[in-house]
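Each in structure tokens, the structures are laid out below.
Below are two complexes that have chain A in common, paired first with chain B and then with chain C.
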Partner chain A sequence: MDGNMLADFNFRIIMEYLPLFLHGLGATFLISTASIFLALVVGVIACACRISQIKYLKYPAIAYIELIRSTPLLVQIYFFYFGLPTLGVRIPEIQTGILALMLNSGAYIAEIIRAGISSVDEGHIEAGISSGLNYVQRMRFIILPQALGATIPPLLGQAIVLVKDSALLSLISVAELTRCGQVLTSERFMPTEAFLTVAFFYMCIYFVLKSLADWSQKKLIFREVY
Partner chain B sequence: MMGFYFNRLVEILPLFLKGLWMTTQIAFISLGVCTVLGFSLGILRSGKSVILKWIIGVYVSFVRGTPFVVQVFIIFFIFPEWGLQLEAFSAALLAMAIMGSAFICEIVAGGIASISKGQWEAAESSGLSRIQQMRLVILPQAMRVILPPLVGQFVLLIKDTSVVSVIGVMDLTRVGWITVIRIPEGLMVFSLVGILYFVISYPLILLSNYLERKMAV
Partner chain C sequence: MKLKQMLTMALAFLIALSFSGLSFANNLTDIVKRGELRVAVQSGNPPYAFIDKNGDHTGSMIEFTKGMADAMGVKLKILDFDWDGLIPALLSGKADILAADMTPTLKRSLKITFTDPWIYVQPCIFTRTDKAYQTLEDVNKSDVTVGVLLGSTGENIARTYLPNAKIKAYKGGGRMIVQALVAGHVDAGVNDDLAVLTVLSDFPPNSVRLLDKRLGQGKDPLAFAVRHEAVNLWQWINLYFQTIRSSGEYDRNIAYWMEGIDWKKDH
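Then we have the complex of A and B:
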């Protein structure tokens, strides 16, 4: 097989395993979608706590965000996968995985939102105060609409990261896309076919999300220039 | 029971320190390699050769578009089929180098692109060669833009070394994984692993935050 790298590429085996791959693709899609929405909720709450003046909310939020950001996701996944059963909590691997992805992305999303909020010009907030708007009104009419614009491109970036991160769930035997590659490798020993197909599917997801992120970025810059 | 397991954990602490050493080695060797490769690729990408730009673009897209664990599997399982047999440690380093340099390439190319055309033109009309323009005029200015995200990327790379545990490198994560099979105290074992990662990466996070504050303005 040396030398002619892809000459022996076996498309037949890929067709045979295509249902499995499509199933894995669906699982990756579901896991990612569920995790990103849950992470958004976690992120908004964590960010609200992080920027609040109440220290019982602020410091736990800082601890959570910094702890997540300075440890590897794989370690967090293993922490829940091996740790939850010792606490007597037995949930399926897929839910353990979503829990880990949610908490991991939540911390990054909290920081993204915080950056978005702090990007709002001080002058606008002062103008709001002097117009007699209260805190909630300022949030609603001045800060959030502008912050949201600044957060959408990095949030889409985080979605890309999350899709790729979901591949790590294969290591706790969740039947997602990467796991299909492992299955094909162990059943037929065809790693080339297996992992190049897996990579191809991830690239497809990546390009869709990437164009979406670029488009939203352009759109926002355009609006700003206008 | 907890106490019993805790004592056993203390017993095998040397194993964790070995894992920490392995992780540190992989992290810092690959940080060095990635930085050198990433800067070279980033500079080439900002150059004039269209073909070179295109090739680097494809490489960067592939690395950014696929999960790191899939890249590790490709290197560990597929490269031997193509006649490149690697032991776990070198496969891990190769995977880290390929992945990290693509991300650093993007950061460097972005930094160089942020320098205005006028700077290039001024450097050129001062009679500097292309290499001198890059080294004396463009890069020193671009470093302000490059440095904060570069250090941030270092943190990501250190954390990503945990993924190479899947091909059997005895790093921190792998040590945790084999320990948890003998000592069924997942929370305790992976808290310890997490703390050890924290020790390596948190100082760099602080550095990255500091640089971001200092370089912004």
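Then we have the complex of A and C:
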């Protein structure tokens, strides 16, 4: 057990469990992609309500955002999985996971977008008003192009957090990447091999996301913003 | 730019790898010298090891290891792990003894050394009272979902004896299975009878029942475990159990923790 770590590292086990890991990678990828997409929708809606002047939209949005941001994701997952059935709502594991990740990230995304919008210089908006642009036109031509530029880096950060948070779904028996590491650990008792492999695959997902964000920043956003 | 990033990542991976093979020494002398016996437990698991309402670690196995620490003249340090973290905790040298309701199996013994069994339990199937299952065959169907603990003997037994049922593996102790059962995420569960009976008393009465059919080869031994090289510690623990068996302490422990749930008044 002492000395050379690479000699102790069991590559054969990793190859043997590779199909399981790839399955887990696929599950993590699918759950994350679905959650990120839905969280964006939830986030945009929540943000729109949050900055709206209508109090029936504004206060529920504030309540939702604060409720989510003040409680741990794990508590939310356990609540959806074990708590909701006592209220008569039973959702399968993967859907529970997507729901929890979506609502959790949605709250953060709402705040990220709000920060982006409020970062737009007041003078630009006033200029828009004096040029005779209406609210939608101001949003479309002045506020959103600038706000999006400012929000893409934190949105990417949130997406990466979501991918890593999906590891918590292993606790409600979803067969995602982390769970595969746990299976290998519990069957062969090789945590080093298991979790380094898991870490490697998470790194791969991170790379894909990061390239996507780099690309979108170049293609979609004014360069002048930076 | 891309290449540089890749290289950085590869470097990070290698650094992580280099921390993986830490060397350590262990034997009885080290424990006495250190003045501390480190025990890995899974603490969501009454009556074996759990945290009581005062926030203290207690349970049958905790009392045994406390006795061991006293006999060695050292302090007892309890380390909490999830089920699948127990063996790695022992192997990585974080703990000296693994004290969980673990069954010695040939597969596990490839990695760790088990002491003589200190008790025998029976794996069993349990289900909600409103389910009509009576026999093993009723549960062994493709539309039935069975909850087990990841990496437990119960999981192996469920996969062996209920090959047609859908298996869902949970982490975090026997309570999780019962919780999933009560919430309707599984239709039945497999765990050892003592753990099930203890957990059941925390749930509404008559919500869950045991099926008459016992599983496996009937008796399922539980044992403590140490690392392969800790031969002297392994022999010492076996001797410890011989000693407390003749002194009556063993019987007192079993009578208190295993033969009823009266201990719930104290803890």
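We adopt the following convention: the second predicted complex is superposed on the first by the 203 of 226 C-alpha atoms of A that agree within 3 Å, B and C clash if a C-alpha of one lies under 4 Å from a C-alpha of the other, contacts with A are read in each partner's own complex, and residues count from 1 in each chain.
Methods note: a contact is a pair of C-beta atoms (placed from the backbone, for glycine too) under 8 Å apart; a residue touches a chain by one contact, two chains touch by 3 or more.
Since the model is a prediction, treat every value here as computed from it, not as a measurement.
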Which superposed partner A:173 touches (first chain B, second chain C, both, neither): second
Chain B versus chain C as contact partner of A:55, first or second or both or neither: neither
Which superposed partner A:183 touches (first chain B, second chain C, both, neither): second
Touching partner for A:93 - first (chain B), second (chain C), both, neither: second
Contact breadth on chain A, by residue count: chain C or chain B: B
First (chain B), second (chain C), both or neither touched by A:74: first
First, second, both or neither for A:12, with chain B first and chain C second: neither
First (chain B), second (chain C), both or neither touched by A:191: both
Chain C-contacting residues of chain A that also contact chain B: 1-3, 5, 81-82, 85-86, 170-171, 182, 185, 191-192, 196, 199, 203, 207
Contact set on chain C toward chain A in their complex: 9, 13, 16-21, 23-24, 83-85, 87-88, 91-92, 107-108, 111-112, 150-151, 168-172, 179-180, 182-185
Parts of chain A lying in touch with chain C, wherever the complex brings them together: 1-6, 8-9, 81-82, 85-86, 90, 92-93, 170-173, 182-183, 185-187, 189, 191-192, 196, 199-200, 203, 207
Touching residues (chain side chain B, partner chain A) in the complex: 61-62, 64-71, 73-74, 77-78, 81-83, 155, 159-163, 165-166, 172-173, 176-177, 180, 184-187, 189-191, 193-194, 197-198, 201-202, 205
In the complex with chain B, residue positions of chain A that touch it: 1-3, 5, 66-67, 69-76, 78-79, 81-87, 164-168, 170-171, 178, 181-182, 185, 191-192, 194-196, 198-199, 202-203, 206-207, 210
